[in-house]
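Note that the chains are named A, B, C and D in the order they appear, and that numbering of residues resets to 1 at the start of each chain.
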Amino acid sequence: MIKLDFHPAGRHFLQIPGPSPVPDRILRAISYPTIDHRGPEFGALGLKVLAGIKKVFKTQHPVIIYPSSGTGAWEAALSNTLSSGDIVLMYETGHFATLWKKMAEKLGLKPEFLGSPGSDGWRHAVSAQRIEERLRADSGHAIKAVCVVHNETSTGVTSNIAAVRRAIDAANHPALLLVDTISGLASIDYRHDEWGVDVTVSGSQKGLMLPPGIGLNAVSPKAIEASKTAGLRRSFWDWTEIIEMNKTGYWPYTPNTNLLYGLSEALDMILDEGLENVFARHQRLAHACREAVRAWGLEIQCADTDAYSPVLTGVMTPENMDADVVRKTVYERFNMSLGTGLGKVKGRMFRIGHLGDCNDLTLMAALAGCEMGLRLSGVRLAASGVTAAMDYLVSPAGSSALKAVA
Amino acid sequence: MIKLDFHPAGRHFLQIPGPSPVPDRILRAISYPTIDHRGPEFGALGLKVLAGIKKVFKTQHPVIIYPSSGTGAWEAALSNTLSSGDIVLMYETGHFATLWKKMAEKLGLKPEFLGSPGSDGWRHAVSAQRIEERLRADSGHAIKAVCVVHNETSTGVTSNIAAVRRAIDAANHPALLLVDTISGLASIDYRHDEWGVDVTVSGSQKGLMLPPGIGLNAVSPKAIEASKTAGLRRSFWDWTEIIEMNKTGYWPYTPNTNLLYGLSEALDMILDEGLENVFARHQRLAHACREAVRAWGLEIQCADTDAYSPVLTGVMTPENMDADVVRKTVYERFNMSLGTGLGKVKGRMFRIGHLGDCNDLTLMAALAGCEMGLRLSGVRLAASGVTAAMDYLVSPAGSSALKAVA
Amino acid sequence: MIKLDFHPAGRHFLQIPGPSPVPDRILRAISYPTIDHRGPEFGALGLKVLAGIKKVFKTQHPVIIYPSSGTGAWEAALSNTLSSGDIVLMYETGHFATLWKKMAEKLGLKPEFLGSPGSDGWRHAVSAQRIEERLRADSGHAIKAVCVVHNETSTGVTSNIAAVRRAIDAANHPALLLVDTISGLASIDYRHDEWGVDVTVSGSQKGLMLPPGIGLNAVSPKAIEASKTAGLRRSFWDWTEIIEMNKTGYWPYTPNTNLLYGLSEALDMILDEGLENVFARHQRLAHACREAVRAWGLEIQCADTDAYSPVLTGVMTPENMDADVVRKTVYERFNMSLGTGLGKVKGRMFRIGHLGDCNDLTLMAALAGCEMGLRLSGVRLAASGVTAAMDYLVSPAGSSALKAVA
Amino acid sequence: MIKLDFHPAGRHFLQIPGPSPVPDRILRAISYPTIDHRGPEFGALGLKVLAGIKKVFKTQHPVIIYPSSGTGAWEAALSNTLSSGDIVLMYETGHFATLWKKMAEKLGLKPEFLGSPGSDGWRHAVSAQRIEERLRADSGHAIKAVCVVHNETSTGVTSNIAAVRRAIDAANHPALLLVDTISGLASIDYRHDEWGVDVTVSGSQKGLMLPPGIGLNAVSPKAIEASKTAGLRRSFWDWTEIIEMNKTGYWPYTPNTNLLYGLSEALDMILDEGLENVFARHQRLAHACREAVRAWGLEIQCADTDAYSPVLTGVMTPENMDADVVRKTVYERFNMSLGTGLGKVKGRMFRIGHLGDCNDLTLMAALAGCEMGLRLSGVRLAASGVTAAMDYLVSPAGSSALKAVA
């Protein structure tokens, strides 16, 4: 029998870009006794989490909470707003953008997949300009939605959603804007209403610091309107009844109560720290991480300097070095999990997560584990990245906990 | 701020027919630290729960574990095996059978809804004979699937699935057999393979004693075959890729790790006690509960004496007594949750859950709470049901823990 | 290997008079991460629990919190205030009073053991009159302390401490008054200051609803004064340094941090419910329990009707019935623990605890378990005690949650 | 109201030399429901932990488990074996040796306090030679016991207990040997029987990885014999009745059940890893820590190179630098607790704990926090200690997980 409750001496470092380490407070919260999802206590819980999650999306409109993965929330976004055969404009930022496109095909949509020139290596952000050009060319408005990934978890590239909004507006195009910020929410500034996003897709196991099991859709009035007339055949994902019942804090089918306990606790933690402070902390740690990568003499996966992700950093290994060998060494020798390269960059890079319940010393531990793992794997490092990260963290810029630093 | 971690002095009695009370062991298990769902420890966990859950379904074939509610598993069953416009034969046993039918309509299927004569009150089990008659009449095999609810949670009526199988065979009809045993699994004997079920639908928050958040499909080779050629547009629910990746213990998208910890623990508990012992315990407690209802002089919702549910008992209140008034009194005065009457029986009955982590004394507490709540609500009781239940439990029949008693 | 985390299906009913069932909230609280007992967070915790526990003792003076059992707190009370060879007047109410006397002997004190006439069966409360008579006779003031047990856990007899105070005053005697309310605190009204108690001894695992591991001394200025000049050799138990360091929320040696987390939570729960409400709830449940015992036709161990304990009820079995046989049946058949008869009443009675985190339905479960266990053991019962208890609980008196009822 | 369940974003690093970080597994274990300490399940638990703890002490003789702090276990050791006025030879290794001596005085013993020449700064281990000389001079055998601290928690100096044993034997002296290894047990090789120790004193919150609240005495037959004829007045600490009742797994008074759950889990963890592996891990991490201190150009508190502690490292700050200012900076800026200088070295040094549930990356995090905290406090460092520690850990010596390295 496997021993689930066993780990080697000392704490495991879960430094993948999600699931992020779940704080003890949240683990305790999800272990509260399950209650009647139709009873009065539940209604109070429901209203609390529904109100709190809106603040995190920066929206005044409904947010739907599904008992599902983020993948399910992708399907919910597509199936509520689009009809079979609809053309959707998607953008190849990396592995997850590609998976979302595959899902669109399976659901009977017709995705058109834009990509940056030379994007084979998945190193660039969404180009708002290319989207604008394509939409301008679509004079017949055949394109029903633009779908982009805000923070591409497979690479560590963050795209500018406000710019995409401006591109759609500049093209004077009626397409809906659908955004995946599964790994960005509660880690990177995100403004559902201000940026005019129609459906934002997210999940629980990243910046919200929860275990996986919750999928999220923030929806605009325009998206709700679209769902009334269009939409693929759907029942489980259908917004209508959920939005209606959510008004009193309940759900039409059994919600995953214990994860909602965790969400309630997570919202308390995030809003107590302050959303802007959370964002600044992520920026600061990400900056320190990149200082380390540069000092090692390795390349950062993200090639656009204004698109570095505050959530994770993709590290490219030298030509002759399989990144998964490094990851294995780090796992076995230092009890730390790093993210693997996915899809077409498998073996070429690894990913360091620095999101959610992360602070200076967990990052330092992660960087020390990477540095030692790289050395033990035979990678020649230019200098100590750990030292470089510390230099930044004790510098005036790095000491500043409350201001975003690039 | 609401206090989620607060309850009045003493333990709450969650006596609804699911979510059932989650044992401390399982609550602790779901609070294990979340791990990398692509790491080696996870694969071992995945293989363990996938093997264990097959034993509970009594199947040699794949079981799919979704991060969803049971409702989601309904949708998965329909969308993997049926095509738009397909006629499905469903059977009105109660509220949940009705909801499943509505879902079929939303997904573009054409359900035909059989019901028992005089079934307005939802007091009868599935009639295998009526199904057989209808299938015999369908000489052109327009009906693609027969969908029945094994244990109707809204009423406490358990149908005979083996008989439905025999009916289909007797009619020599190729329809698939889809069964919902969301509230029956791990509480009532269930034999997916032996009974020739094609898709069995279930969930986590009933006999498996977990919080809600897991949906289940057990699938036959015939169902898998059907999914290759037919099927509604689907992605999240699609069996193919999940079954493939499950072979090594992984999932194509992020599974809800912490509930899988709980599932692992639940399987240990259930298989340690022994499935047949678990079933016998449910039978014994259900029998005791019915003795109490009869002593009170109230009617049991289930009118077929061979269809009494071992999971819950529906109790009809006298004509002039709103059952929800009784429930409210019990909740406020005795800190116990009872199930409400759903749909067309709202206010006419309440439901006592006696499933999952239930034993003699939690049942006795529940019955005492009902008896006192009924009295305080002004219901004249013929005699003490608590005494009747004790009489049964100390009798030779009731003392027998290991043999099923009717 | 034993499986500590295993129990049979369904909840265990821990109905002994302590340790009482620890609420989930408190179990979660004691699982908070251990912190530095010299750091700033700890000081805030220390000050909070030290302030809160005074309210429970109803005292303005110091309360000392030991990492020990209640037995340790007995030794602390004796060793801080008395010197080798001192005569102390103790009173034989039962097993625990006897153990305290034996401890006094081991520590070199000279206990004189008063008892009620015919007290062989330990069925009576402390007689304040006999104490007064004895003190009047001690014109030379050789007696240095009067030691009594407030709630005798071995029998379910509660003595009148205010009356003992009046007796000492009436005799105009300078003896210190030392009281053990290990099983009474936070369940029965107790007034350290108003009753002029010099040292009150208590522990964590009864009305405070915590696991065992905390011993308590509430001390009067007179006791502190006595500790300066008299006292047995002591170091660990010495009040002086603890009281001094407690002023800032710290301890001279490592306190048991995680139980203090639990104490903090317990104080929140008790003070939120309201001390007087807690007391009334205990009175009401104890009354219901006695109604059951009387209906069974069995004798209550406590023979003084004005000394019934709100914490536990001692139940005498018929002459030919070994009480431990009943207990064993109840344990094995109904998964419930009852208290054994201790010392000279072993086998003659069992004890039902109804203290701490107890409510109407846990009591009803306990009474049902007793009733069925008695029947299965062959005891002929006059009538159903469960029914009698319910009759009381639904009566106007029993329904009144906020007023004490005798 | 203070928020006990709150910490800043990210994990707190508890790097004091005890309480050490309590692993999640153990925190979950101590949150198991409290059971009847006189019931059958408890006896199985008791026998298990009593057998397991003997392995950790490397003894065949009884180990007494007190619900107390380690301070209590000091008192137990002295009061069971010594009589009022007895002369005991103690050795000034640091703050805790000094506190034990003060306790001996309070209990009426006559301690004689040896110290190393120039030991004002508490930088040296016990000199077995000086003990031998003193015992040889005590031809009348007035000295009844030799009391030494194995691992002095206040300084990070580990003394050679085998050498002390040889010194007593060489002097042919009958004195008992009492050893405090509160912070050494389960972290440093310790051999109660082989080294002929009569009473070994320990506690729960160090190498055993538990919260504080358990005190331990391992006792030799000679010590038990001594306790029969000699001994201070005692009751709570008295070995006799505890040893007797422990034979069946029970205690004469209420043990602290929930910490025993934790002890059971800790023993599983330690014995699964293997005691010798645990010791080697501590040696390796301590070595890495000292490499860092040396690279910084700071002095290690322990001046005897063969007495470096595997449990903690004392770091002396430069003359003009208050060590507590560094600690405050580290606490506030990096969410890490370091040990303060105690007694006569207050402000002159800080202590880094690397014991219990510690691994390479938690150590690296701790060293990074120290290095950055020292820099922010204005201390000029010769070089990066973090780099030096990594150099060691990736070296062949440091990579060897299973062999002890000096």
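Operating definition for what follows: contacts are C-beta pairs under 8 Å (C-beta built on N, C-alpha and C of every residue); 3 or more make two chains touch, one makes a residue touch a chain.
Note that the coordinates shown come from a computational prediction; the quantities given were computed from them, not determined experimentally.
Colleague: Let me check something: if the centre of a chain is the mean of its CA atoms, which chain is farthest from chain C?
Modeller: Following the centroid criterion, the farthest chain would be A.
Colleague: Quick check: more C-beta contact pairs in A-C or A-D?
Modeller: Most C-beta pairs in contact, of the two: A-D.
Colleague: Distance from the CA centroid of chain A to that of chain D, rounded to the nearest Å?
Modeller: Between these chains, centre-to-centre, one finds 45 Å.
Colleague: Per the centroid of Cα atoms for each chain, what is the distance between chain A and chain B, given in Å?
Modeller: 35
Colleague: I'd like the Å distance between the centres of chain A and chain C, where a centre is the mean of that chain's Cα atoms.
Modeller: A distance of 54 Å separates the two centres.
Colleague: Among the residues of chain B, which are close enough to touch at least two other chains?
Modeller: Answer for chain B, listing residues that touch two or more other chains: 5, 21, 24, 28, 31-33.
Colleague: For chain B, which residues are in contact with chain C within the complex?
Modeller: 5-11, 13, 21, 23-25, 28, 269, 272-273, 278, 281, 333-336, 357-362, 364-366, 368-369, 371-372, 375-376, 384, 386-387, 390, 393-394, 399
Colleague: What residues on chain B touch chain A, complex-wise?
Modeller: 1-2, 4-5, 12, 14, 16, 18-19, 21-22, 27-40, 44-45, 48, 66-72, 74-75, 84, 102-103, 106-108, 203, 205, 211-213, 232-236, 238, 253-259, 261, 264-265, 268, 331, 337, 340
Colleague: Per the contact definition, I'd like the list of chain A residues that touch chain C in the complex.
Modeller: Contacts found on chain A: 24, 28, 31-33.
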